[in-house]
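Quick one: this structure, given as structure tokens, is what I'll be asking you about.
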Amino acid sequence: GGTSGPATGSGGGTNTAASGDCSSAEVFCVGLVTDVGKVDDKGFNQAAWEGVEQVKGELGAQTKYVETTDPKDYAKNIKQFTDAKYDVIVTVGFLMADATRAAGKQYPNTKFIGFDQFQADPVVPNVTGLIFHEDQAGYAAGFLAGSMTKSNKIGVVLGQEIPPTQAYAAGYENGAKAANPAVSVSKVYHPAGNTAFNDPVWGAGEAKKMLAQGADFIFGAGGGTGNGALQETAKTSGAGDKVFCIGVDLDQWDTLPAAHPCLITSAEKHEKDGIGELLKQIKGNTVKPGNFFGTAGISPFHDFDSKVPADVKTKVADVVKKLEDGSLATGYKP
Amino acid sequence: MADPRDEPSDGRPATGAVATETAPPPVVAERGAPPPPTGVLGLLVREQSIIVPIVAVIAALAIGAVLIRAQGVNPMYAYQSLFSYSFGTADGLRGTFEKMVPLILCGLAVVIPLRVGLFNIGAQGQLMSGAICAAAAAHAVREAPGFLIAIIAMVAGILGGAMWASIAGALKATRGVHEVISTIMLNSIAAGLIDYLVNGPLKDPTQSYPSSYPAPEAAQFQPLGFVPIGLPIALVLAILVAWMLRRTTLGFQFETIGRNRHAASYAGIKLGGMIVLAMAVAGGLAGLSGSIEYLEIDPYRYQDGIAGSLGFDGITIALLARSTPLGTIPAALLVGALRAGSSTLMFNTGIQPEIVDMLLAITLLLVSLPIIAKLIFRRHTAKSSALASSWGS
Amino acid sequence: MSQEATQDTTRDRPVEATDRSAAPAERLLDIEGLSKSFGTVRANRDINLHVGRGEIVALLGENGAGKSTLVKQIFGLIKPDHGTITIKGDASPIKDPKDAIRRGIGMVHQHFQLVPVMTVAENMILGHETTSRGVLDIEGARQLVRELSDKHGLKVDPDVEVEDLPVGTQQRVEILKALSRRVDLLILDEPTAVLTPQETDELLTVMKELAAGGTSIVFITHKLREVLAVADRVYVLRQGGVVGEVATADTDARGLATMMVGRDVVLRVDKEEATPGDDVLSIRDLVVLDDRQLRAVDGFSLDVRAGEIVGVAGVEGNGQRELVEAIAGMRPPQSGRIDLLGKDITKANPHDTHVAGVGHIPEDRERHGLVASYSLADNLVLNRFSEKPFANGFVRDFDEVRKNAEALFTEFDIRAAGVQAMAGSLSGGNKQKVVVAREMSFRPKLLMAAQPTRGVDVGSIEFIHRRIVAARDAGAAVLLVSAELDEVLSLADRIAVIHGGKVVAEMPGKDADRTEIGRLMAGDH
Amino acid sequence: MEWLKRNQITVGAGLVILVAAYVFYAVNSNVATSMFSGAWFFAVPLVLGALTGVVGERSGVVNIGIEGQMLVAAFAAFFSAAATGSLIVGVLVGMLAGIAMGAFLALTTVKGLMDQIIAGVVINIVATGLTSFFYRPGKVLSANMPQWEVPLLSKIPLIGDVFFQSGPIALFALVSVPVVHFALFRTRWGLRTRSIGEYPSAADTAGIDVIRMRLVNVTIGGIFAGAAGAYLSMEATGGFERGMTAGRGFLALAILIFGGWRPLRVFAAALFFGFTNALASQLQGVISIPQQFITLLPYLLTLIVLAVAAGRVRAPAAVGQPFVKGEGS
């Protein structure tokens, strides 16, 4: 398990013992609306919720989440919290951007954090988009893979082809090529449909095929589908010695124990930190409308620390730094 | 080829009811059924197709209460917060109604082919085709008056869905391809093609996430109070379909094919054409629901998730409705209310939204298992016809 | 190939009535006070009946009299409400067919109980398979079929799938199947309904041989000739009860018919001399393929004139079904030409032929003729639902549909609860009346009747025959296709014998010779 | 011999495909092996799911609940394996879960006379609800499923690599196909099963207990869907995810029909589908048409094959119809 861990199942939405009245000024209430999916999805919904829970104690917040089952319910689900006079509402996922902005306009006294939602001008004063550069995380991961591959073949297994997966893929490829021009990157997107991000078996099959064709790094970037690829890689012979896998979005060392045998790192968007930071800003009244750029990079190597050559470590760290300060471009154009 | 699904084709007579030359003709209405009771009981027995589902819903809620109690929540409170939201608030009511619209239409899209003996698993793909065609058409005529755009989008949606479904119909009629396979395949094909369209030709460049151009503002359906415009459309169509099946020659042809396709072809009904037509009508309804979703529901674009699992929900609705067109209305009301209320339920009690699926499954089980009817009506239980018998054709 | 099998065995075996009426000593079957109801229908009421060893007992009765119900109880398919069935002194209830089989009962059912997609051999061993090391012994099954065939003189090929066999041969398989286990009591529920006269005689001979060998037989049929030919005694059932028991030696056809129906039945058809008019139907060199793409109709030519009945006589499976379907537009001909009143209808579909004036009483009324779950009223307009006055354009007019039904209901003497009763709930004879009523009610130019009285009781046969003659007298051309030679002989003004898909002989109906036609039907020309 | 004659087209086509596969293998053994392995990897749950369908539908019971059956089995297999730390327990529990769902279908439809399609839909909904409701994150398997190499057979080039070096459940699927085929067409059980699916009243009059046999077959048939579920959560991946069947049960249904309710053809159909799937992902990024079009390939090809060649398949005649004793004849 990860940090505080999401609500263990049934208990569901409420995660505070005492539920005070959110309309009173003393009680600081944070609500979260997931994108279609659940807070234990090992992906962005989980990351967002964990981010909230991480700072909950520090801020003395009362927290609650509602899981969306149908994208048409975004507005309705947000309204659950506005009706209950929550102070902050976190909405997860780019698909909720419109609904969040609309709610922001309607409820100017409530603060909104739009996770993964880019705020174009004109910004809504009480809505802050929390944005990450997937391509940067992908670039760093690709750079690591490119530096370490022995077969000069690496692969990436993606969910449906949408901007974030495209960004991960492009960053990964460019990063790898930057480290090692001889590397060839095979990438595969899941066919469109309801199951694109939730088909671990397909992901596993694709990873298996790439491995058989000589790839020694598999980057799984597509929710459950990508997780399947990681798990498959973890099962192949040579996992952790000759063959490695790279997780996505959050440090999957915490969320996907099954991938430990090969999980050298994850292309991480520091989502929890981003949420935590923004919540603190809101509490401290220093938040600004518009976009808040969270950082992206790679996760700690954990057990693989000794397997990554020191020079690679320094180079990767350097790349991450340059990406952060903007001196290095990933070459991804949305 | 002999077709033993029907009566044995050896040309021998089946056992018939007694009818002798001397005795007065005995009652042979229901073979061997006891005489129908009269009075209140008679009324109840005759209306059992209404009573059984009601009892089933109540029983399902009772079983669900056990599940909810197991989560440490007071079931009364849970149901109260669920239904008082779905029915008791303007937001909730509007949510319930909005969800009903595609449920009714997709339910009809399953009901009609069932009458012809076809099992349409493809409402999903048909809805998606309808929605994308509506989006494309609306964008093409975006300069036109809003009212006109809406009409054109709806017509395009109907055509798109109808076309998509007719592929399955035509493959069935001309090549004998089982509609279950073809509609499953067509669902996936629609998903892929549309994914291409919303990433390519139809992509709204101002959106980072692949989505179509939005419906022009003037064409967007604004609800009348808490009644979305789609609702009257869906209700009228459910009534129309019921009328069509019951009173028109077209309905008679559908029905005849479904009940005995050999007799239908003997009677001069063109099987192939009717199969394609039935699928087309079904697809048109699913397609229309797609265009209504596009015109009526925020974000007024074709985006992933516009179809949700509506096509498959249509199957549930059709079965809950016992494959009657009018039955889709209460079925959709129930499902819509449960779905609309599920987030309030979660907000108030922490019960996961999956509870709705469980309630539905139990309801469907109780409606369909003859148990309840047997318990209440004993030997007066009405026979329900089997849908599954169309499988093999 | 099955064709040959048929021919091979249709030798004319005269059936002589043997005198075995000396009452046998042992009672093999004894039924006392047997009653069975389905809801309010009392299918059997207080039946007492016994069968001695080696005795052939016939059950007679109208459609729905309860004959099948009675024998199903003997075979353990349904459980009696009251009464006992004693078999060889053992009165314990018969649990299920398995139990019945174990106790030496074999049954040939009114509806074929053969799996169409399995071979004869597979059908033969179903339920009592032998295996060697877990594998089915199909070779043994083939051997069994061959042995049984030889023993009883009923030829069948063990490796053909049942659905590919002509009905007559399927019936043989049924009989052999029943005989494939030790049988003391053989129940035959209308086994001859689908047999040609030759096949019937053949079966009757087998029955007598079996009886001579000590097997008892319960025999259900609607044909009095057969009863008189083989049975020792007859039980007559009416409305579920036994209304008479008589030794065949003491009665005749007329007496039996009267007992069955409860009134005098006219067994001969009275009709005037035909006064034929112009050609209505003209068929030239017609070739039609069957489901297996073989030329079932192969160069068929025939004319039918207004006001005459042309009977097509032939052994089942000689292209009659395909011929009728081709004329009706249900099966596109390969070549040749069909004209109706000078109009080419070769390529017409069923709707076109109906509009052109063809009334068609199909051979298989359950499959083609009726929709069992529709009301009588709807069935009576099955092919006219979209015509005026039954529909105004797109919308059906239920009033007119009901009125039409009510009129036909009385005119054709259909016995049912009312015009809204489901067609499936009617007896066979009344179902057939519904079809006949529908096809005659629009005064067709050509009335095509295929096996119009198959499985129908004598009362209804009489009625249907009268109506067919009436249609002729009203000026319709009638094409009667029947495997029932007696029917053809008594109705047809002209007879065309079909064999191998073409007409092999034509003759006036008046003084046609039964034996001669039988010979021609068997392919001897 | 007789058999060869009757199936010459099938055998011929099979040989052509085999030769083509080896030519491909000769050209690029690495890619060929990986693609065929990928095809089989994808096909395993389809084959197993379809076998459940074969057994059930051959007995006269429609099963559109395969998806749910697989999902529940995947859930049960994984969580019991994670809880007990024993893979064998997991697989067995998965199979038992499949059997339990089969029993549900059997009891409701054969005994309860519920409509078979509705029963299948109920299974699907219940499965989604249950497995989602009771899902707990963070569990792991104590070990990976073993990889077995079948002696000798695994040494055959290509075929050995693809079929005979794999996990136990994949091997189970491989063995089940001929076994079920043989059982269906060569044994007493098979003859009786086919008879109750084609014409139950004939079986009844032959002394076969139709009801009992349907109950048993539909129940036991669930073992394959159970194995398919265990395959998904334990062998193909190492964990359970909500909705992880991702429509494979419906695909299995399509494969079942595509394969004409015959195990060997089902196997061929599943491999065909698996291969087109492998082909589609292999072609992604290699040829310059949008990947959305390429990923349609399996579905489109299946439709085309059905339309051109094998459209007309014959379902067991009595499938979908409840059997009530005494009403049949």
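Letters A, B, C and D name the chains as they come in the text, with residue numbers starting at 1 for each one.
Just so it is clear, contacts are C-beta pairs under 8 Å (C-beta built on N, C-alpha and C of every residue); 3 or more make two chains touch, one makes a residue touch a chain.
Chains and their UniProt names: B, D = ABC transporter permease; C = ABC transporter.
It should be emphasised that the depicted structure is a prediction, and the values quoted were computed from it without experimental measurement.
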Pair of chains ranked first by number of touching C-beta pairs: B-C
Whole-Å separation of chain centres (CA-atom averages), chain C against chain D: 44
Separation of chain A from chain C, taking each centre as the mean of its C-alpha atoms, in whole Å: 75
Separation of mean Cα positions, chain D and chain A [Å, integer]: 35
Residues of chain D whose C-beta touches two or more other chains: 132-133, 198-199, 292, 295-296, 314, 317
For chain B, residues that touch 2 or more chains besides their own: 3-4, 188, 192, 195, 199, 352
Residues of chain C engaged with two or more neighbouring chains: 110-112, 116
Contact graph of the chains (line, ring, star, complete, other): other
Pairwise chain contacts, counting only pairs that touch as defined: A-B, A-D, B-C, B-D, C-D
Complex contacts: residues of chain D adjacent to chain C: 186-188, 190-192, 194-195, 198-199, 201-209, 314, 317, 325-326, 329
Complex interface listing, chain D residues touching chain A: 30-31, 33-35, 37-38, 41-42, 45, 132-138, 140-141, 144, 232, 236-239, 241-244, 246-248, 278, 280-282, 284-285, 291-292, 295-296
Parts of chain C lying in touch with chain B, wherever the complex brings them together: 37-41, 43, 62-66, 68-69, 110-112, 116, 163, 167, 170, 190, 193-194, 238-240, 261-263, 291, 328-330, 349-352, 354, 360, 362-374, 378, 382-383, 385-386, 391, 394-396, 398, 415-418, 420-422, 424-432, 451, 454-456, 459
Complex interface listing, chain B residues touching chain C: 1-4, 6-23, 25-35, 247-250, 252-253, 256, 259-260, 262-270, 379, 385
Sites on chain B touched by chain A in the complex: 71-72, 91, 95, 98-99, 187-188, 191-192, 194-195, 199, 208-210, 293, 297-299, 303-306, 308-309, 339-340, 342-344, 346-347, 349-353
